[in-house]
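Look for subunit A in each of the two complexes below; its partner is subunit B in the first and subunit C in the second.
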Partner chain A sequence: MPFNEVNSMDSFLALLLNGLNSSALILLAALGMVIICGLMNVINLAHGELIMVGAYTAFSVTQVAGLSFAVAVPAAFVVSAAVGAAMELLVIRKLTGRPAETMLATFGISVVLQQVTNLIFGAQSQYVAIPIEGNLSAGRVVIPYYNIFTILFAAAVSAGTVLLLKKTRFGKRVRAITQNRTMAECLGINSARIDTLTFAFGCGLAGMAGALAAPVKSVSPFMGGPYLVSSFMTSVVGGIASFFGTAVGSLLVGESTALLGGVSNDVFASILVFLLIIAVIRFKPEGLFAKERR
Partner chain B sequence: MKKRLCILLTCTMLLFGLMAGCGGRQDTAASKPIKIGVLYSLSGVTSVSEKQLYDGTKLAIEEINRNGGINGRKIETVFADYASDPARAADKARKLVLDDKVTAIIGTCSSSARKAVKPVVERYRSLLIYPQSYEGQEQSKNIVYVGCIPNQQAEIFVNWLLKNAGKKFFLIGCDFVYPKVENKLAKTYLQKGGGSVVGEEYVPYGSTDFSSVLNKIKTSDPDLIYSELTGDSNVAFYKQYSAYGLKAPIASLTTNETVLKSIGISAAKNSYICVDYFKNVKNPVNRKFVETYAQKIRDGTEPTYAVMGGYNGALFLAGALKKAKNPEDTQQVIAAFRGLKIDSPSGTISIDGGNNHTNLYCRIGKVDEKGEINVIYESKNPIAPKP
Partner chain C sequence: MKKLLRLPVNRYVDYGLFLVLALFPLSGSLFYTQLIEKYLVFLIFAYSLDILWGYAGLMNLGHAVLFGLGGYVMALSLSARGGIPDFMANGGVTQMPGWLQVLSNPAAAVLAGILLPALLAGLLGRFLFYSRVGGVFFAVITLALAQVFNLFIQSQQTYTGGFNGIGGLPGLSLFGNELTLTQGYYFVFCVVVLAYVFCRCLMGSRFGLVLRGIRENETRLEFLGCDQARFKTAVFAVSGALAGLAGVLYAPVNGMIAPNDVGMEFSTAVIVWLAIGGRGNLTGAAVGAMLVNVLGNALSENFGVFWQLLLGAVIVAVVFFVPDGIVGALIRAARGRKAGKAVESRG
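Up next, the complex of A and B:
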């Protein structure tokens, strides 16, 4: 068996912290997908490409325009949200209630986005400088400062999103539509407008995830695939439309990949994680923390 | 004014026509272009590598045609994009041979695409020029291999590293055929040379999360990392490796000038690369090539060993077409490859007489503080291929 033991508490702790960092990126990526899916019942297969758009925005802002990374993150949100709004208005809206066609359409959009990026920037990957250099080390455990930033940022964005949905008028409407669209419409909520805004918001979150990943990952036209897979896994495990579930799901996916990768190898770990997820949806088809839906 | 120009042009054309008529017995065949197939993916996952091969081939053919073509006949290319799909590569190759009736095909990038095209060119007795470096262990009389193979690259690299960089190796690659074969070979070279392997890891193709691998590297404390990571995984690895503050140098068989740009200087400096060609190779042919590249390919990329593979492949093919009595007879063209020599930006290189592979230089580069690759080792002569 491809297993080796983790030889100390130190390296176990290091694995745990690494896993937390992966979880943070997965959480950011998955959050947008879960919101969109929960509200509109749309599986957006172009989600990975919206992450890619965010990463390219970060590249354009920092390397081409020469501005700071602090500008790049909100810019990535705005650009991806704009692409998302356009997608919703031009395509998704016309396909309401036809999930298979919607999936196919979003897949088509993902290919278009890849190739357009390929045409503009070329197939080679682009450089984004790491904004916070250096690392914190204690014994064998090393955490780059940037990882700590990523974890805190993901936590803050998730908290912000929950607040937005629980405390604002907009959020209340979103939740109302999520629970019962027809009833909400009867009560005078403009569901079309809320759909566009929510879709744009979810895509904007994906864009931020892309900007955050850009300095430590590769920025290329075809980078979106793995993000789509991990976001999708997370939302399936956590239960579509449950934020708490998304948080737990991303932790589960991130940590189990890191820990299993630590004791065996990454290829084996990815197989095990998939098996785990299949087991979860076999016994809890709605995900671990599914909300009751009417 | 315009009229005079017209007359002048007509006269010139008549003159050329006359000359062509004098030169050959069949004047139509002698002025007809020679058709070759160009088979690369400009879309899909391998398009990053294949765009480089494509650019190299395109530059070479433009140059050949500018300089008078093949004994006065132009080369006409028929391009086919197989979208990174080996099965489609085989289909497109069949179409190029049977419908477009090309004399030879230059193309494919991954070993799986080459292996899919191999039975096609063998069955129709056609010719494939394969421009990419690969893991060796293959021969075909219908394929000419222009890129380097392990005995021209990895074997020399491992021994050089043992002498100059350290004994304890950590092997890493993406989980597919090429890295596994290369690492297996690296282990035998290490055993012979007195080195050791302190770790060996593979990540899923395209994976960009190296947290657990980096942890293992830290625990096993190697002198250097020996890598065949490719594409997005490769870029992400260098970046995260440096973010974790790890110091042992990375030695790679796959990194190139364009990839270095996306990794960034701070993460790439002090790493080693071993290939047959670097942009910074010093000779007049290369100086001119680098200039041409900068003028013609304006997309922020640099000339790399893959560009050079595509370029050399087309130069060799042109040489063989010139040497063959009838350049449309593929069998004569294949025979003309034996011992064929060209002056390439990577030096004077030639096709081996027996195994259809190429005698190539081996070069090792180290990335300096400015992100440039300094060539710190160069084999005295081209190294004979042992596939």
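Up next, the complex of A and C:
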């Protein structure tokens, strides 16, 4: 982006808004990670592939079946959640309390998901048409409507997730299990069912992130890796079990990548962000907004 | 003789494998000798991860970064032998940079190729382990490192050849004499055996014992007054040096190096070798690396996608049915038989 040619204030604003858009995508991707990794203590190395599954669902619904994008987003949630539920029932449940084995198994699953997608759709990148055309222009700053939609959608989903966990019976049970599993079971909570539902919900969120990202990023079987890394990084920076921390973390990662990318280049920006995150972990290993643990 | 009989079963596998590898060039197939020579380099790489993951329990998901750093240093050195390399000239470099002049000395390149990865690993370890970052975060951060490093290599078109990598490298040479294929094979073989002996001595020493202690129970070891962060950092650095050495050999043996060899893809490959072969006994690393690569070479031509799919499914199956890998299962079976015999003779 030519930084000096146009009014630098305007281009700064444009960068800021771009950053907000990528923050929104990162936030959506990281929300599922917070639930699965923060609440359930499961390291899911197939998280990026669940995002990929969501993106391919959006692709199939809009480009192959010709339906509206409004159908694609819930469909992506359902498909990814179903894959997640199957993963939890068949694999993850049996590896409780063995983090290294869980990591390895979910890694194997990620390879399987990649290759199955590769078999069905081929290795080439697919494109999803942008569902909301047009730009909002204020002065010299131009924002695509779709970006505004993404930002609002991410905010709404985060708020919904927090409400679900804090205000509903289901959320109360999830938190009870997180705090004391044995005690929760003694009180008659079916922890196995809640585990499956929680895991599926986290995976569904990942799928939705994939659907939202599909129109602006390319969709390919191997797209998951960067998403896995950025959502991990975001939740680590924010404090792994904290929703507020994750929101701040995604803003931090998204904005700093966009702003640094504006003044130099994307690679330099991602290297700097990586170093920044290592520094955060060095001095605040629990994340910036770690919950007090008793 | 008695001492030989008392060896654990995996040592027989080690010696058997080395015997087969030592005799392999006698088969006379140049194509396969060259292929196996490449896999020999992979053995060193697998050993380097085994001392880190198998013995100290630190799962490095970006191990290929250390390998690639060594490999790229060597590749740059080899390509700079005849003046400014093409990819640099295309990027507008007209004068050889000072650091490249230093690197064009083979001894300096080997040294840098081993020390730079060790330094990177040591620095990273110093930052991570002293802040009590758990094993899981170590894995995540190394994964991110692999991604960043791959991006970095691809973006530095002028100095690394970018997406295409650095190709057309000359083969192995020793003191200025280019080695023939068989000579090169035996040279790499000797390095592999040395690396094996080094790893076994190191892991058999007090240092190795402490590492296994850290893997089993970190807190208890802290109570015994052992600074676990120092040991972890040290083993990470040693592992980095060994991975760098593998990279240094890989560049001339393979004739080229590309971003694929340094990023997430190759990092996950070495994880797969160890997962399937088994960890924490060096044998599993070697068996896994050989098995996956030989089978992969035979099968991927005809069943490309299916081979990868199978590999993914096999990892999940291994976690469930043989969590300590093929060699781990073998050791357990042998121990079970020995214990059975002991009971019989007593009764």
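We take it that the second predicted complex is superposed on the first by the 285 of 294 C-alpha atoms of A that agree within 3 Å, B and C clash if a C-alpha of one lies under 4 Å from a C-alpha of the other, contacts with A are read in each partner's own complex, and residues count from 1 in each chain.
What we mean here is this: contacts are C-beta pairs under 8 Å (C-beta built on N, C-alpha and C of every residue); 3 or more make two chains touch, one makes a residue touch a chain.
These numbers come from a predicted model, not from an experiment.
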Combined model on subunit A where subunit B meets subunit C, clash or fit: clash
Touching partner for A:Ser220 - first (subunit B), second (subunit C), both, neither: first
First, second, both or neither for A:Leu228, with subunit B first and subunit C second: second
Partner chain(s) touched by A:Gly261 [first = subunit B, second = subunit C, both, neither]: first
Which of subunit B and subunit C A:Val142 touches, first, second, both or neither: first
Subunit B versus subunit C as contact partner of A:Leu15, first or second or both or neither: first
Subunit B versus subunit C as contact partner of A:Val116, first or second or both or neither: second
Subunit B versus subunit C as contact partner of A:Gln126, first or second or both or neither: first
Which superposed partner A:Ala269 touches (first subunit B, second subunit C, both, neither): first
Touched partner set for A:Ala192, first subunit B, second subunit C, both or neither: neither
Part of subunit B, among the options 45-53, 171-179, 261-269 or 297-305, whose backbone runs into subunit C after overlay: 171-179
Those residues of subunit A which subunit B touches in one complex and subunit C touches in the other: 115, 118, 225-226, 265, 267, 270
Contact footprint of subunit A on subunit B as seen in their complex: 42-45, 47-48, 51, 175, 201-204, 206-209, 211-216, 218-219, 231-236, 239-240, 243-245, 258-259, 261-264, 266, 299-301
Subunit A to subunit C touching residues, read off their complex: 43, 91, 94-95, 99-101, 103-105, 107-112, 114-116, 118-119, 225-226, 228-229, 232-233, 236, 265, 267, 270-271, 274, 277-278, 281-283, 285
In the complex, subunit A residues that touch subunit B: 7, 11, 14-15, 18-19, 21-22, 115, 118, 122-127, 129-130, 133-135, 137, 140, 142, 144, 146-147, 213, 215-220, 222-223, 225-226, 257-259, 261-262, 265-267, 269-270
Residue numbers on subunit C that touch subunit A, as the complex places them: 57, 59, 124, 127-128, 130-133, 135-137, 139-141, 143-145, 147-148, 151-152, 154-155, 264, 268, 271, 275, 305-306, 308-309, 311-316, 318-320, 323
